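Structure first, then comments.
Think of it as A, B, C, D, E and F in the order they're written, each chain with its own count starting at 1.
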Amino acid sequence: MATLGFLLTLGPFQFENWDTAASLAEAALDKGHEVRMFLYLDGVYNPVKLQTFPDLDVMPKDRFAALASRGAKIIACGICVNARGLEKGKDYVEGVKVGGLPDFAEIVAESDSLITL
Amino acid sequence: MATLGFLLTLGPFQFENWDTAASLAEAALDKGHEVRMFLYLDGVYNPVKLQTFPDLDVMPKDRFAALASRGAKIIACGICVNARGLEKGKDYVEGVKVGGLPDFAEIVAESDSLITL
Amino acid sequence: MANLYLLGAPAGRNGLALAERDEAAAVVLIQDGVYLDVKCLAGKKVYAVRKDVEKRGLASRLPGSVELIDYGKLVDLVLENKVINFA
Amino acid sequence: MANLYLLGAPAGRNGLALAERDEAAAVVLIQDGVYLDVKCLAGKKVYAVRKDVEKRGLASRLPGSVELIDYGKLVDLVLENKVINFA
Amino acid sequence: MAEKHVLFTFNHAPYGSIWYNEGLRAVVGVTSGIDEHTVDVVYVGDGVYFTLKGVERTDSAKYLGTLAKGGYKLKAERESLEARGIDPSELAEDVEVISRADVVALVDRADATIDF
Amino acid sequence: MAEKHVLFTFNHAPYGSIWYNEGLRAVVGVTSGIDEHTVDVVYVGDGVYFTLKGVERTDSAKYLGTLAKGGYKLKAERESLEARGIDPSELAEDVEVISRADVVALVDRADATIDF
């Protein structure tokens, strides 16, 4: 078993990257690998728990919540979180933590492979 | 005097469009024109009032609040607001309203010129 | 009244191709649109937002015929002409 | 172990130019990277994410040598090789 | 209030970003309010990839249906198609190919323009 | 934990988007933690516009200062410069021009890569 790391710098809805990242992370967990993900810049918008949109069956935040509940370590950049008015992630889905770039440096260290999206 | 309309589809920080839109709207008000702005897609992230970022002297939301206080009519797409978990804009700066595409159609009707950013 | 093409990025390239064919075209380069190569617009009026050009260190790279303008002037142009958006 | 170039957009073009020169390169087209013209990669292994290709109606436009893969296979490739990111 | 004729251009390919679809939502919104604007919908640059026959249109179907009912056609710029090696036979049936000169004529005709 | 050598590529021009600057913040973050990774910083494609002499660096100054102190150089790919008609004399003094083949060699050397 290996560890797969992700750096995600775009938010939900506007760009496809969140969906690709979530799909790859799900596939990695399905295969028994570990997943680490750092949400940077607009990436920190993904786990906001109050998302509601009739056009989508599953909200982005639910995908990230499910990843976290399956053991994926997901950390959002605190500077980015506060810049965007998300107040230390108080409205994040369960399991997503707020941290900083040292956490990303640790993810780089721990990951066998790293994907930027 | 004329009316200048804006459609803004990108959020703060990640892309420069919010800054250009705010700067042009400020210049239009300075010249005595009226300003109408529709925030669509990620554009609805701009007026979140809890933005705090040490690298910027003035937060994006403050620019939009100032525009509204000077009479600019700023309306955010409600579907987009709720999709992104912003709960009907409850944490928006004063003066920014939540509406829908019919409001944008009205802005198109009222504006002598329209700028998309 | 000109067709005033507002060219940014990434759509600016598409607008540039139209402006080239449009006899009534005038062009304003904004944001990353200031990186566009405007040689194909010879004979047409081209403006660029001064702040966007200077921050990027491009003043010496733009043709001398390009007029640098501030946001106030851009508001005037936008209201005097029909805006063709390609941000 | 190959250098596995993950090519999306807009950076994919830059990665493609490197992959062309890299004898150890294999390439995966993802997201809007499936629009890239991969003729310059003749002789190199090229994969594309099946879902990204099919949604865009591109299956018949890609060279037959391009192998369509699912996310599970992509996870395998990513862990067996060194990932060169150009999303 | 003045009804206007609005030219919408689509510049982004599907599906890397959402403008291809939310732009159509906006087209429908602009044509169906109290302010009954009319529109042209033109695909240019990488936007023309949306007009390929095989593109999945699940999320856009309702907007496209509304536009078709209103008598609107999707237009794709020939020069953009050619630059991407796309033959007209590869396009969906509801797409009309027009020249760049035709697009400039639509620019002339429009009261306002919006790019997605 | 393993210290790694990370290749950062910068692909976006300033200032239309923020990757040019927040990418540098990330470079500094990755080099200065408990996990003391080492890095290469390479500008390719439109990213090379950041290396022009006249580019305003106010917001990036602190990150660039930290990298310079660490002995790191900014590298710009020659082929990308040439494609944009940029002569090496137009570049800032702290920028080193390298060939595409050199960039491929940096790819080979890296343990991980990150694109901004």
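Here is the rule we go by: contacts are C-beta pairs under 8 Å (C-beta built on N, C-alpha and C of every residue); 3 or more make two chains touch, one makes a residue touch a chain.
Note that the structure is predicted; figures quoted are calculated from it, not measured.
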Shared chain contacts [chain A and chain C, defined touch]: B, E, F
Chain A and chain D, separation of their C-alpha mean positions in angstrom: 23
Geometric centre distance via CA averages, chain E-chain D, whole Å: 29
Interchain centroid distance [CA atoms averaged], chain B/chain F, Å: 34
Multi-partner residues of chain F (at least 2 other chains): 15-16, 18, 112-115
Contacts with two or more other chains, residues of chain B listed in rising order: 13-14, 16, 41, 113-114, 116
Residue list for chain C, restricted to those that touch at least two other chains: 8, 10, 31-32, 82-83, 85, 87
Interchain pairs in contact, sorted by label: A-B, A-D, A-E, A-F, B-C, B-E, B-F, C-E, C-F, D-E, D-F
Chain A residues touching chain E - in the complex, by the definition given at the top: 13-16, 55
Footprint of chain B on chain C - complex, ascending: 6, 8, 30-32, 49, 70-72, 74-76, 78-79, 81-83, 85, 87
Contact footprint of chain C on chain E as seen in their complex: 9, 11-12, 44-45, 47, 79-80, 100-101, 103-104, 107-108, 110-115
Interface residues, chain A side, partner chain F - complex: 7, 9, 40-41, 100-102, 104-106, 108-111, 113-114, 116
Contact footprint of chain F on chain D as seen in their complex: 3, 10-11, 13-15, 17-18, 21-22, 24, 82-87
